[in-house]
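Below are structures written as structure tokens.
You will see two complexes here that share chain A, one where it goes with chain B and one where it goes with chain C.
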Partner chain A sequence: MDRVLPRRINWPLIGLLAPATLLLVIIFLVPFFQLLITSFWTYVPGTVLPKTAFTFENYTRVITDTYNLSVYKETVLISLLATVVTFVLAYPLARLIAKQKAAVKSLLFVLVILPMIGGAMIQTLGWMTLLMRYGAINGTLRSLGIIHQPIAFLGNELGIIIGLVQSFLPLMIIPLVASLGAIDESIENAARSLGANAIRVFFEVTFPLSLPGAIAGSILVLMANLTSFVTPSMLGQGKIQVFGTYAYQEAIQVMNWPFSSAFAIFFIVFTGLVALLVSYLSRAMTRSRIRAQEALYE
Partner chain B sequence: MSTKLFVKIGTILLIGVFFMTACAPAATPVVAPTNPPSSGQATGTACDFDPTTCAFLAGKDFTGQTLTVGVWGGDIEKILRDIVIPPLEAHGAKVNLLLGGTGDRTAKVYAEKGNPTMDVSYQNIYESIQGVKDGVFEAPSADVPAYNDLYPVAKSGCYGMSLMGLGIAYNTDVFKTPPQWADLWNPEYKGKIAFPNYPGSEGDGFIAIAARLQGKDEHDPDAAFAKLAELKPIPLVYTDLDTVFTMMDKGDIVAAPMISGYAISYEKKGMKVGFSWPTNPGPVLTEDNLCIVKGTKHRDLALAWAQLALSPKTQEAYANRIYFGPTNSKAQVAPDVAAQIVYGDKVKSLIALDWTYVSSQRSTWTDRWNKELLNK
Partner chain C sequence: MNDKIVAKLTNGIALIVLAFMLLPIIVLFLNAFNASRIFEFPPRGFTLEWFIQLSNSQEYQTSIRVSTMLAISAVVLALVTGVPAAFAIDRYQFPGRNFMQGLFLSPLLLPSIVWAVGLVQYYARLRILGSFPGMVLAHSIIIIPYVIRLVLSSFAFLDRELENAARSLGASPIRTFFEITVPLIIPGIIISAIFGFMISFTDVVVSSFVSGALYIPFPVRVYSELRSEGIDPLTIAISAVIMAAIILIALVGEKMIHWSKYV
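Up next, the complex of A and B:
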């Protein structure tokens, strides 16, 4: 090891890393510790200025308050559903893109990514006008005689899920295309030549080989869903409370900074744990699959 | 993926971005101000404000100073750009408007307490009362000459800027005559009364009204929340006016508690909506405030801003253009506009809430609002 890692301090490397490190410390670490400290302070009703008296009360409320628990349940449910729908919609599209020639592939890629340039706000405003009670979708369905009463898309979970799926579809498609594009076509052909039908080829060859991309995409999208703010606050019309909207209400509207800090810390830890759990499960899944296959061929 | 592919994607994306940026200004509808900008300020010598304001500004030189003002975007911003900013620029000042909501501004002034980067901040009534108490805003004083002309009610927080009443917006097909608060509880309209977003002045006012209908007031939140819960299910929590007035026009919502003046532009578009000034109990007073941030490095310029903003001329523009009632007793308003705004004797008929108490309850009430009204 000593030969590979010289004991000398690598000054040029430190010099190159310093600006980014300093920036991260200032814009991320310092506020984070401020947040951590504030989360143990005491809220004084009627003022924004908290007392610096130490308390665990904020965390007690975060974990035990029944309303908070219903917010967590709602957030997780919406996020999971939106992730599943995103996956189901993204997979065939990713497969289609992966099969194209380079030129077509890049064009399709651009089309997939293009909506992200506008940002969440613009996209959500678009959805609002489409999904409104008297918006384009309800209007079309009604004039075609398919429905008689407008469908309520806004102010409920349905609208939020539609908005989330559209916003984060690219996050699922990109890793899936990378994964699917890396599959050697001769493997699929080999399976087919050995008599497997299309369904069997897909479930036993293609899908397992695309798992790394599927898992990466799902984690990305799940995290984005859990932490989303603009989409649920606009499409939920103040009636659906999720992590983001609740944090906003407590921090910016109620100005209860100690509680919202505790909530934010909980939120960071929670999403971190979810990410760890998902990646652990997926690794365990892959390992057991490999072991099963090895057992098969022994 | 190959490098070549990346280069290709990058190029196409760049072209896309360029295309979108090039198109963006054209795609954004440019809304012209409702009235042409007032003239006469271009030269910097003429002063077409009242004598007090002109005397206060005379001889002042703000060259090299930049005033940072936090305020709502939209109609209010337009009035400020038309009327308040030109005379200050004529005296050499630069003005930087920070547009946004009062929550962001409150967070900013508290975070920067003692060393503010914002000089003037527009706040709602309860934030200004608390901010003065917490030492982030200056208490109002005759350092701004217009202070002497303000109604007493406009001196309770910072400088009262506009007076509004929380009344009832309603569908004119459903209510042939302007409804009273109690009419919203008619069982026929169950599930058709929109709620305001909470926390906010509208929600506080609605809580206070509900308590009064029970013979109590805002100090009895139990009575208020029990009464409000009778209106469930809530069809809409309105966060923007377009949605609530469209649904009201179509009859999906029959009424909603609403700040005076907001309904008028929708009424003028031909929507079937109207605004009621209820009398039993009366509307709840709400008030926008102009706050000078304590410790501002441009205090003289901030005082000049306040004087211009509180002058009869600016206050009359608020009344005529966006139907916000003036706080300056010297502002003159035509009778047809006066009927639509909080003005003259109407000022006394409005219910003033115990804002200090309401502020102290905000966290608890938000919790109750979430749990008892919004939760299914």
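Up next, the complex of A and C:
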């Protein structure tokens, strides 16, 4: 429609953009500056508002405190494990969905997205009733005679990983379905008619072609796992401390705002670096794979 | 190995994964009718007791009312600001266009828990911590990215020829916008409104940071209850009702406006 010359002030355009921009700047961006500033202030125990004396103390604690380091280790370990499990589980389901006709596909899509739109609280509540000491899973296993003592799912990494995988599977499945659905079936058929069996077709044709979706999904899920709060808080029952639960504890319960601000800044830098590293590594992997295949067919 | 066996095996695994994803939801539905007061498995018998108690519980009704009001207000604010912004991004070429789009989507990309740590301090300074307007503003931020994305994708589906036809038949740009463009992007707006409502209604992270003692949204109530007292059958019953509503909306929405193609 209207092509606008950049130098003239375009009032309708400004009018369209201004409300959303103002809202985002005032409510979304300014709090990040607040974080940055408070992270250099001094905490006074017993009061909420910190002293404005400049200090690096908070960052020193973020980086060197051994308890904090164990929290990072726990968070990264749980998140990586959950991401790998999510990927492995998502793939067959994404493939099944991608192959369906439109009507079935859209029904499956709605079912798959339910854990996401249902919200973390309801999913976690369901998991708690399933995973409790006398919950549905332990009850079923016991009545079948498979176990005699209930398995402890809550208050440890196992329950958290189960909860995280279920909550964030949609984030992996959606990009995977898009990637798998875009693959031209004649390529797979060609490989098959040349004598490759199903497993070989999958690893040499389907899987490499689905890598963009797999990478996008993995990054989304890894980030979601690293920044999760409700699932580790409820299923960990306060016994497992990860980034999210620790930030909540320091900001809301201890009310040490300078430290929680420094922690939050560190956290966002850390997750940003992880995302960059993962996308760099996976792109490098894809490239070397393509090169290896080109060398093979030359 | 035989190709057919491999295919059957992977499809079997896929269905197990689907069952795993829906397991907590299914169990919630079953438990809502479980007769024992203390949570027990296997269930002791069928009852509607919890649903009857629910309709008499002031506390639950209040938190549901707070969540509903909050979600509606936040959706309205996100639509009023987000739809014009999406329109501007779709129709205008201007310097910093990509930057603006990035800004509008950023609440989806940056971890909300980090933002919440800053927001609680910021709100405390502005003296709006725990206030209803403060909560509405915060929730509209987490909804805006969805509005922008869904409305932008409905602009992408829109056939520009219809607008051109209206213009060439003598309709003014404003008339064309309201009579041709808006009706065509209505599905995108409805979907983002419903999505936004669900996001706000089920949010725990942002709410548990900025809600005070006066307005406690439903998920925050459940969260603090589970941390202190354990599972109350009423909580399970009400969560089952909410989940049933979400499933119904999702299925009807898919049937009527095929929302999955916008995601």
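The rule is short, and it goes like this: the second predicted complex is superposed on the first by the 278 of 298 C-alpha atoms of A that agree within 3 Å, B and C clash if a C-alpha of one lies under 4 Å from a C-alpha of the other, contacts with A are read in each partner's own complex, and residues count from 1 in each chain.
In this text, a residue touches a chain if its C-beta (ideal position, glycine included) is under 8 Å from a C-beta of that chain, and two chains touch if they have at least 3 such contacts.
Predicted, not measured: the structure shown is a model, and the values here were computed from it.
*Asks:* Scan A:114 for contacts with chain B and chain C and give back first, second, both or neither.
*Replies:* A:114 contacts both chain B and chain C.
*Asks:* Just checking: does A:48 make contact with chain B only, chain C only, both, or neither of them? Give me first, second, both or neither.
*Replies:* In the superposition, A:48 touches chain B and chain C alike.
*Asks:* Mind working out whether A:106 is in touch with chain B, chain C, both or neither, as first, second, both or neither?
*Replies:* Touch status of A:106: both partners.
*Asks:* Could you look at A:77 and tell me whether it touches chain B, chain C, both or neither (first, second, both, neither)?
*Replies:* It touches nothing on chain B or chain C.
*Asks:* In the superposed arrangement, which partner chain does A:17 touch: chain B (first), chain C (second), both, or neither?
*Replies:* After superposing on A, A:17 lies in contact with chain C but is clear of chain B.
*Asks:* Contacts for A:249 in the overlay, against chain B (first) and chain C (second): which applies, first, second, both or neither?
*Replies:* A:249 sits against chain B, while chain C stays out of touch.
*Asks:* Return first, second, both or neither, reflecting whether A:285 touches chain B, chain C, both chains, or no partner chain.
*Replies:* neither
*Asks:* Who wins on chain A residues touched, chain B or chain C?
*Replies:* Comparing chain B with chain C, the partner touching more chain A residues is C.
*Asks:* Between chain B (first) and chain C (second), which, if any, makes contact with A:261: first, second, both or neither?
*Replies:* In the superposition, A:261 contacts chain C only.
*Asks:* Considering only touches as defined above, state whether A:239 meets chain B (first), chain C (second), both or neither.
*Replies:* Touch partner of A:239: chain B, not chain C.
*Asks:* Give me the intersection of chain A's contacts with chain B and its contacts with chain C, in residue numbers.
*Replies:* After superposing on chain A, chain A residues 48-49, 106-107, 109-110, 113-114, 117-118, 132, 134, 233-234, 238, 251-252 contact both chain B and chain C.
*Asks:* Give the list of chain B residues in touch with chain A in this complex.
*Replies:* Residue positions touching the partner: 1-2, 4-5, 8-9, 12-13, 16-17, 20, 103-104, 106-107, 110, 130, 133-134, 197-200, 234, 236-239, 243, 246-247, 250, 252, 356, 359-364, 366-367, 370-371, 374-375.
*Asks:* Can you list the chain A residues touching chain B in their complex?
*Replies:* 43, 45-49, 66-67, 70, 102-103, 105-107, 109-110, 113-114, 117-118, 132-134, 155, 178, 181, 233-234, 237-239, 241, 249-256, 259
*Asks:* Under the touch definition given earlier, write down the residues of chain C that touch chain A in their complex.
*Replies:* On the chain C side, the touching residues are 1, 3, 6-7, 10-11, 13-15, 17-18, 20-25, 27-28, 31, 39-42, 77, 80-82, 84-85, 87-88, 91-95, 100, 103-104, 106-107, 110-122, 124-125, 137-138, 140-141, 144, 148, 163, 173, 195, 198, 201-205, 208-209, 219, 222-223, 226-227, 231, 235-236, 239, 242-243, 246-247, 250-251, 254, 258, 260, 263.
*Asks:* Give every residue of chain A touching chain C within the complex, in rising order.
*Replies:* It comes out as residues 1-4, 6, 10, 13, 15-17, 19-21, 23-24, 27-28, 30-35, 38, 48-49, 89-90, 92-93, 95-96, 106-115, 117-130, 132, 134-136, 138-140, 143, 166, 169-170, 174, 197-199, 223, 226-227, 229-230, 233-234, 238, 243-244, 247-248, 251-252, 257, 260-261, 263-265, 267-268, 271.
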